[in-house]
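Shared between the two complexes below is chain A, which has chain B as its partner in the first and chain C in the second.
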Partner chain A sequence: MSQKELLKVENLSVSFTGYERGFRQIDLQVIENLNVTVKKGEMVAVVGASGSGKSLLAHTLLGILPPNSTACGNIYFEGELLNAQKINQLRGKEIAFVPQSVTYLDPLKKVGSQVRKDKKVIESYRKQQELFSFYDLPAKTDNLYPFELSGGMARRVFLSAAMMETPKLIVADEPTPGLHLEAAKNSLKHFREFADKGGGVLLITHDIELALEVSDRIAVFYAGTTVEEAFASDFQSENLLRHPYTKALWRALPQNGFAPTPGVQPYVKDKPQGCVYAPRCSVYSSKCNSKIPMQTIRNGSVLCACAK
Partner chain B sequence: MLLEAREISFGYKKGYHILNNISFAAESSERVGIVAPSGFGKTTLCKILAGYSKPSNGQVLLDGEDVYGMKGYHPVQMIWQHPETSVNPRLRLKETIAEGDQIEQRIINALGIEHDWLNRFPGELSGGELQRFCIARALGQRTRFLIADEISTMLDMITQAQIWSFLLEETEKRKLGLIVVTHNTALAEKVCTRIQILTK
Partner chain C sequence: MKTGHAVAVYLVKILVKLLLVLLAVSIICFVLISVSPVDPIRMYVGEVGMRNIQPETLAKLESYFGLDTPLTIRYFNWLSDFVRGDMGTSLIYRQPVIDVIGVRFVNSFALMLTAWLFSGILGFFLGVIAGIRRGRLTDKLVKGYSLLLASTPTFWLALVMLMVFAVWLKWFPIGLSVPIGVDASKVTIFDTLHHLFLPALTLSVIGVANIALHTREKMIDVMAEDYVLYAKARGKSTFSILRHHGIRNVILPAITLQFASIGEIFGGSVLVEQVFSYPGLGQAAVNAGLSGDSPLLLGIAVISAALVFSGNFIANALYGIIDPRIRRGLKND
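What follows is the complex of A and B.
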């Protein structure tokens, strides 16, 4: 593997152990065969259906999966294979996380000290104040409790917390909902600047429109599998996209017709044998029922038997 | 029907108003988009319009009648930004639905809510599934106005498009007024007949 690759996730699968009807133990494989790569200086957006395993990917990278889950597969960070111990060492230092909701903050502690990570040195205060003013947070935010923040302010607090150390990779889980367009664009601009300086950003989002403006590549997830890795420029036209699901996403954008595709994502237990998108696919054929290999088309990869 | 807020002010803390003399009006035949920066108090305004909070000054009128004097089912229903905090976690969904107005079976089918879900607790559904349930719950027979506060930001584009196409059809058919709070301007332009920008 090349030196330029900052993060490489290969064949990741995550399964949960649960109980059904009393004591019968079952394994639910929610993520299967997930691949994503982030190069240095690159911003990769992960888009996909709700419940397709986007947040779980982030939690795996940070090592904060719940205890009843098991992750298999290879995660490389700067060419080095990671294990649970190494992930714990990197977390918060080289890999920073921007979480999804306000519930990730300690509700009983003032925001300022959470961002400073309880350090009481003058540099921490200075850095924190600098970051707060950089993200347009009023100076008094420092002394507020999480419940006093609006949704948008909380996001900016997360951003400041992530930038307190000097991370190499930022994993951002839905950093933009609840922000008005300008603030959303602004925060993504900060990510872009971070990437341009040689860092890597993994942006998990639903807002394809915004993601396209700043990202280099887009990874599309569906039912726990990477179905396509495309360049942001491919989203200019439906014909440049490869997977039928990506095309359906494209058509569902308000500016491209807002057309809903019928059907829902399959539940983990009733996942089809072959292509995961087969039950909803408009070009479904019998060859979709067997195992499908990842193939490369126009420099992007796609998991579909009939993609052109 | 006309929903009207006249010069309302509201604050959570004494002496600190987040809404100052805001006026807003919507007809039941129109779909209004509300646009304002985050932290402006959009959700607070929605809560006042839906009767959850009472403004410290000003009135909210429904066809000239003060909504705080009305008894029974509130004709202005709200769909919240976070579905998981808008249902009682200790009630099964069928118990939650029984507290409100009669919901037509047609709506439940159109939103793809399976019968089996109603026997579950809110924690046993995904966010998207729960949001669809919350939409169904808000569409009681006596609902005249529907407030959608960022209802689709956590959903993927296809589910969003499914939900909005259903809501547009439903509001058109029943002549419901729709008030949409969103940051997504492309969505607002597609959905709304009028966009109101609020300023301090």
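What follows is the complex of A and C.
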């Protein structure tokens, strides 16, 4: 493993225990063989449709999966294999989480004390004031309640909260929805700056266009699996992309023809045996029905039997 | 608008509502009592007397009790007296209603306040603990206890308490609020508490169940909120999350529930007072109803409506003062 690798998620699986028709206990494997790597100084965007397991990845990294779930696989942080205790020690300190909406702030507490994590020491106050002014938040924000924040302000409050403890990795879960383009770009610009200073950013989003503007690499999720890890520059042309799903996403972008692909992402229980994308794939063949190995093509990885 | 001013306007609005509700309650009660078989004359002369009564005597009594005047006039007479603090004279106690209620209210108030505070505080803590230990043994015990008691009829529990602690163990007196055959001036505070204990315990034990179950539900909801996940993701300990986010968010609904439960405590006290022959407002209400004492019944109905509504009023007012969304929202209106 390279020294520069900050985070490496290897063959992650997450399953939920549920009850079918009230009585029969079943295991739902929501994430299967998920792989993603973030290097120091790099910003990696995780893209995929709703239900592809993007947010679950973030929740796994921070140890906040619901109690009825189990995660398997290996997660390395700076080369060290993590377990639940290590995640507990790292979260909030070396790994910071930037959530998606203002509901992640306690509605009954003032923003300032939440950013300071209720610490009443002078350093916390000073650091918080510095960060607020750095992110252009008015000084009075400290005394506001979450319901008094605008969407853009909330985003910057979360950024300040993430920076309170000088993290090495930021995991941002959909940090842009509900923001107008300018504010969204502005918000992503801060993540880019963080990466440029040597930190790592894992940006979870469904907005490919925005992700392409700021990220170095893109990991494409489909039905709980990584189907491709590509460079942002690969998205300049369809031929540089590897997986048929990524190509379909590319063709769906407005500037590339706005072409929809028929079908929907399969529900967890109806996932096909071999390639998860097989039912919708335009180049489907019989070899897609067996287990598909991950292969490396043009320095990017792809989960497809016929990728070139 | 200044915050203080906005809150004042808000409070006055609720106060006006209280008065309107009381007015409506009094009208409904007055009409209900008038059309019901509750008959002050029958009560006054008794069953045998009614059979032998001379028509002219009956007419005299009717005019004495004002039954010959129309309902609306009677109501306004009652209302104008009520506003001046005169609720009429109780037919069974032969005392002004306001005095009867006064004495009874003090007794009931001690009983209800004890039960209210005890069930509120204990119920809240049990609920919080069960909520954060969801699915574990502590939770199962609290839930089991609460469900069992919530489905126990108050009067039945009161009877069991009476049998176990008063009859078999003889730890507590079997009823009343003071010892029998002791001069009123010699009754000590210890005697009063001794008599208060069992009824208050019964009422509390029942009340705890309700509050604990509601708080537990709310605690589970709060612990699943995004802001709790976020706090966890930022490395906060469970204790710190509970202290800074959990309690804060559960206490608001708990306060509302606590003040709204005054009605339930009052309802429970009627049954408990009956079983323990405890001379409180609830017992007086039952007596008044059974003996056709309409002035007392009406007085108690209005006073208890005021009590229950005050509970809700306080809950609303506290919400406006404690919850920043309402407080600051009022200011921005």
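Everything below uses one rule, namely that the second predicted complex is superposed on the first by the 308 of 308 C-alpha atoms of A that agree within 3 Å, B and C clash if a C-alpha of one lies under 4 Å from a C-alpha of the other, contacts with A are read in each partner's own complex, and residues count from 1 in each chain.
Heads up, the rule we're going with is that a residue touches a chain if its C-beta (ideal position, glycine included) is under 8 Å from a C-beta of that chain, and two chains touch if they have at least 3 such contacts.
Treat the numbers as computed from the prediction; the structure is a model and nothing was measured.
Asker: Now for A:254: first (chain B), second (chain C), both, or neither, which partner does it touch?
Answerer: A:254: touches chain B, not chain C.
Asker: Which partner chains sit in contact with A:118 here, chain B, chain C, both or neither? Use first/second/both/neither.
Answerer: In the superposition, A:118 touches chain C alone.
Asker: Give the label of whichever partner, chain B or chain C, reaches more residues of chain A.
Answerer: B
Asker: Applying the touch criterion given at the start, work out whether A:199 contacts chain B, chain C, both or neither, answering first, second, both or neither.
Answerer: Neither partner.
Asker: Is A:92 touching anything from chain B or chain C once the two structures are fitted on A? First, second, both or neither.
Answerer: second
Asker: Examine A:108 and indicate which partner it touches, taking first as chain B and second as chain C; both and neither are also allowed.
Answerer: A:108: touches chain C, not chain B.
Asker: Identify the partner contact of A:145: answer first if only chain B is touched, second if only chain C is, both if each is, neither if none is.
Answerer: Touch partner of A:145: chain C, not chain B.
Asker: Per the contact definition in the header, classify A:49: touching chain B only (first), chain C only (second), both, or neither.
Answerer: first
Asker: Touching A:63 in the superposition: chain B (first), chain C (second), both, neither?
Answerer: In the superposition, A:63 contacts chain C only.
Asker: Find the residues of chain A that appear in the contact set with chain B and again in the contact set with chain C.
Answerer: Looking at chain A, the two contact sets intersect at 101.
Asker: Applying the document's contact rule, which stretches of chain A touch chain C when the two form their complex?
Answerer: My answer: residues 59, 62-64, 88-89, 91-93, 96-97, 99, 101, 103-109, 117-118, 145, 147-148, 161.
Asker: Within their complex, state which residues of chain B touch chain A.
Answerer: Its residues touching chain A are 35-39, 81-82, 112, 126-128, 150, 153-162, 164-165, 183-187, 189-190.
Asker: Spell out the part of chain C that touches chain A in their complex, as residue ranges.
Answerer: 225-227, 229-236, 240, 244-245, 248-249, 252, 323-325, 328
Asker: For the complex, give me every residue of chain A touching chain B.
Answerer: Those residues of chain A that touch chain B are 47-52, 101, 150-153, 174, 177-184, 206-209, 248-249, 252-255, 258-262, 264.
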